[in-house]
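Heads up, the next two complexes both have subunit A, just with different partners, subunit B and then subunit C.
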Partner chain A sequence: MKNERALLVLRYIALTVLAALCIGPILVMILTSLKTQAQTFTTGLSFFFAPTLENYRDVIFDSSFGRYLVNSLIVGIISTLLTLLFGCMAAYGLARFSFAGRRTIAYTTLMLRTVPLAVIAVPVFMIWGDWRLTNSLGGLILLYVAVNLPFTIWLLYGFVLQVPVELEEAASIDGCRPWKIFLRIVLPLIRPGLAAAAIFTFRIAWNEFILALVLTDRSTRTLPVAASLFVTDIGVEWGKLMALASLIALPPLAFTFLAARQVISGLTAGAVKG
Partner chain B sequence: MSAGIELINVTKRFGNNTIVDGINLTAAAGEFIVLVGASGCGKSTTLRMIAGLEAVSDGRILIGGRDVTTARPDQRDIAMVFQSYALYPHMSVAENMSFALTLTRAPKDEIARRVGEAARILGIENLLDRKPKALSGGQRQRVAMGRAIVREPSVFLFDEPLSNLDAKLRAQMRVELALLHKRLGKTTVYVTHDQVEAMTLAERIVILERGVIQQIGTPTEVFNRPQNLFVAGFIGSPVMNMFKGVLAAPDRVDLPDAQVSVRLPAPLGATVGKPVILGIRPQGLLLGAGAETLRMRVKVAEFLGTETVLNGTLAGSGEPVTAAVGGEHGQLADHEIDLSTNPAHVHVFDAETGLNLIQPAKEGNNETT
Partner chain C sequence: MTDAGGAAMTINSRSNSRTAWFFILPAVIIMLAACLYPVISAARLGFYDWSMGTPWSQAKWTGWTSFEIVFTDPAVWRSLWTTLKFAAVSVSAEMFLGIALALALEGNIRGMAFFRTLFILPMMVAPIAVGLTWRYLFDAQFGLINALLAVFDVAAKGWLADETLAFAAIIIADIWQWTPFVFIMVIAGLSSVDSTVLEAARIDGARWWTVTRRVKLPMIAHVLAITLVMRLIDAFRVLEVIYVLTFGGPGDSTEVLSMYIYKTAFIGQRLGSASAISVLLLAVVMFLTWLALRMSNPLDDENGQ
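Let's turn to the complex of A and B:
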């Protein structure tokens, strides 16, 4: 009995430490964003200071913020949509059609995703340069689609496999051609997978820094690259950097909450006997 | 309108494996045909070929006189009820039932009328707004049938539709299926491995084994006149007793190991001295000594309410024996008893070919063998 209680206490302590490790940096980010540059160095991690929204005002009303925000939204949304579009079709093809090397492709797709993005930065820069894709949002979108597709295909492949083939057969007897089966039967049933893939893809496209830094210029810069501009030769503008970081974190957060509602299990419940 | 079905030399091969081997079968318009056989005998593959879900390797399929061998499933004017129900989980019951009609852009009031009519026939009017996951197994089965009825097809195909239901519900649905067929009068091809379903529902039963038709006939024909050992062993419960014997005279089979001679209902044309298998239905073994008496050591006596099934071995040969005798006879367990035979339930099979020598093949395999 005593041991159980001790174990419970230990468990809560461990969970609290883990939670603190997760929340701590976010808290520091928000606190710093509400401080003046002077307060950043004088108050340390203290909660006791006179908060100011000056950093947010400076960041938001900066002449370039709007452009960077639009760039990030375009890159994030379009690359997510394209990744889902190609990903679900590739996953369906891998799961349902038989062709040479199908299983090998299905199971090795994910290996491509294990390569760190920093490793491909230089070759991508050279190839994109040759193809005249640098300094364009299209080039960045293409890259993020390529980077995110393997995981999306792998994830959706598993979801498509869970859709009973009998449903597709029933639909074909009901009068659906292959495209209609895919759109009317399969896609609605892999919605949780699409939502999970969308969260993953959008988050990477929105937050990615290294490749965006290499491939963009003043007009095509995304928000994470813009944040790096607060690191200057004469020092780091912590307040503004943290204010922008806080703002950058909001859209993926909202998107995740929205999309996560679709990530529910049991969509195929009742389709076939369990 | 109902349409007949014709399978002409239909074959299905997967690589080097022949799953269905040159089947010939004709179902008249409005007929209820049951394909029955053990797992892997090719019955479901045959049904799927009729549905167009499986390509035919060889042969032709005609529905209503029209060659549909290469037609898409939706061009065959059929509806199919799957073993697993295959209801669209993201649609309500009403949407499931009306899906095919909405694809053909049928008028809304027509769709509503047909869904309502099917729901009324099946007693699922109160379930129309529910999703499949909120239904019981029996209700899902009804919805699957409703989805088929709504389309008003020429042919209904059923792939073991009752196998996921419990025994009580299965018996109830069996009756409902029979009533439904009587009411709609549509040609029906029904696949099952359950011989009770086959015997009770079918106008004609098709017994398949390793992709080949073993016999086609009415339930009475296949039970009383099995064409070969396989059919004899497959149809009937408990399973027919089989004893090794020799044709001692045109109307007499000797069982040398059991030292018994059994009289046949009629003399056979086969050569005397020929090795044969004597088949006797458990219902054809009667308690008490007779003109020829089989001695049985009873090991287990199972009382089933109206009859007792005695399981044991034949004294002398040790071959397994089952006898189904009327009334309660639980006390016979662990006793040695005398059984006499009812000649009407006696069959003689050629030990080499397995063919029934009393009722030689008339229609034959694939309706010709």
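Let's turn to the complex of A and C:
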């Protein structure tokens, strides 16, 4: 009995150390963002200092920050909404209907899920030029919807399969059209899946910067692109850089705390049946 | 996916393909236009000589030339080797640490949900923020890593200026970000293992390590395999954190394939070569994806298991 208690204490200590290692760098980022320029150049080990919001003020009141933030919000939110809409429709169509080409579409979708973004960047730069989509938010949104759809469809497909078919059949006998069955019965039941898909899509659309770097200009830039360009502009002004990094990191971190279970279900989907 | 049999039944009983297309068409059009078409174009571009900013009609057909150039270019092979090294070292470290920690910490521990939430945070942070933070941590003069080393009397190192240390740096950052993924997958796998089997083994007097090696690990072999392949796919695609942390340098010591493609296309302006390398990277990743699908195919569920 005593042994088991000691083991439990040991486990808690181990978990705490691990959690500290995970949060450590994030904490350094936030703490550094609260330091003055001089303090960031002293030693890395200082945790006690008078915090200042100077860096945040400098970053936020920079003439272009507002524009980049609005761009990021537009791209993040609209990409997420469109991906969810088309994704859950496609997942339902693939899970509940049989038609010619179904397997081909399903397999192509699964294969597209892992396409490296660097591979897409080059041709997209060319194609978007042809279609006059370069330097527009719409072009970026289209691309983010396309690269996020495979994962979303694949994730929601599993959730749709878990909806009891009897419910849909009963509604169908009552004369409900497929569209109504989808909206009234299926959608409410796959809500946890939709939440997970929303977080993962938003995470990509909000965080991504290589494709955005290639496809945007001064007026359509998103926050991560601005941050990546800042590195050369402000050089080693770590306080400001970390303030910007913290602001970018904040929304996905907040979503994780709000819906940790959904995030984990999205991470483990497919490999672990549950 | 408990209702597999039922799903198969509906698929046969309803075959209204017009309704089906109504549901899937928007997604299919978008994926075709903005994902599959670019991927195919990447392969096609490898056969042309074309510079950015000129009309596509002026592109010259060059056949296999780009591929010949690429596959005889030592820089490409170096980049492939760097990618392989990165994937091998980081993924094996993540698998080893993730599995060991999961085995040591699994079980009904109060507050585990809270700890898991903290563990997934590194994966959710924007790569730009991860890259910048580690750049600050690895800074030669005022970085926390050197400050910690100083506590143990280790001299300060120029992490990002040294070829070997920079390679270590991108691996450390990757291990920090992705070991929690392995941990969470293994914990989830272990929690679905039938506990009566473990009880039986314990009653037979088997020791912890024997139970783990003979019973637990084989029972989650499938989860381990799929986790491994998923990590490998991501390791081969890696780009953003490295872009910020080292930009492939110093020299070409951290120039993984994605980084090399980006530089060849957007700095060197050699689109043909970039596309030819893209085909190489795509082939590796698609092979791994095919492997992953063979192990865990969501489409198989409908046939019942």
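Details
In this text, the second predicted complex is superposed on the first by the 226 of 274 C-alpha atoms of A that agree within 3 Å, B and C clash if a C-alpha of one lies under 4 Å from a C-alpha of the other, contacts with A are read in each partner's own complex, and residues count from 1 in each chain.
The rule is short, and it goes like this: a residue touches a chain if its C-beta (ideal position, glycine included) is under 8 Å from a C-beta of that chain, and two chains touch if they have at least 3 such contacts.
Model, not experiment: these values are computed from the prediction.
In the superposition on chain A, contact is made by A:Ile185 with subunit B only, not with subunit C.
Judged by the touch definition given at the top, the superposed model places A:Leu143 against subunit C, while subunit B stays out of reach. Once chain A of one complex is fitted onto chain A of the other, the partner contacts of A:Val9 are absent, as it touches neither subunit B nor subunit C. In the superposed pair of complexes, A:Asn207 makes contact with subunit C only, with no contact to subunit B.
Once the two complexes are laid over each other on the shared chain, residue contacts for A:Ala170 go to subunit B alone; subunit C is not touched. Comparing subunit B with subunit C, more residues of subunit A are touched by C. Once the two complexes are overlaid on the shared chain, A:Val124 sits against subunit C while remaining clear of subunit B.
Residues common to the contacts of subunit A with subunit B and with subunit C across the two structures: 164, 166, 169, 267-268, 270-273. Those residues of subunit A that touch subunit B in the shared complex are 164, 166-167, 169-176, 180, 185, 188-189, 266-273. Put simply, subunit A touches subunit C in their complex at residues 8, 11-12, 14-15, 18-19, 21-23, 25-26, 28-29, 32, 40-45, 85-87, 89-90, 92-100, 102-103, 105-127, 130, 142-143, 145-147, 149-150, 153-154, 157-158, 161-166, 168-169, 178-179, 182, 203, 206-210, 214, 224, 227-228, 231, 238, 241-242, 245-246, 248-249, 252-253, 255-257, 260-261, 263-264, 267-268, 270-274. For subunit B in complex with subunit A, the residues that touch the partner chain are 51-53, 72-74, 78-80, 82, 84-90, 99-100, 103-104, 131-135, 137, 140, 147, 151, 164.
Remark: subunit C residues 1-4, 6-7, 9-12, 14-17, 19-24, 26-28, 30-31, 33-39, 41-42, 45, 50, 52, 56, 101, 104-105, 107, 109, 112-113, 115-130, 132-134, 136-137, 139, 141-148, 176, 180-181, 184-185, 188-189, 192, 222-223, 226-227, 230, 233, 236-237, 239-240, 243-244, 257-259, 261-262, 265-266, 271, 274-275, 278, 281-282, 285-286, 288-290, 292-293, 296-299, 301-302 touch subunit A in the complex.
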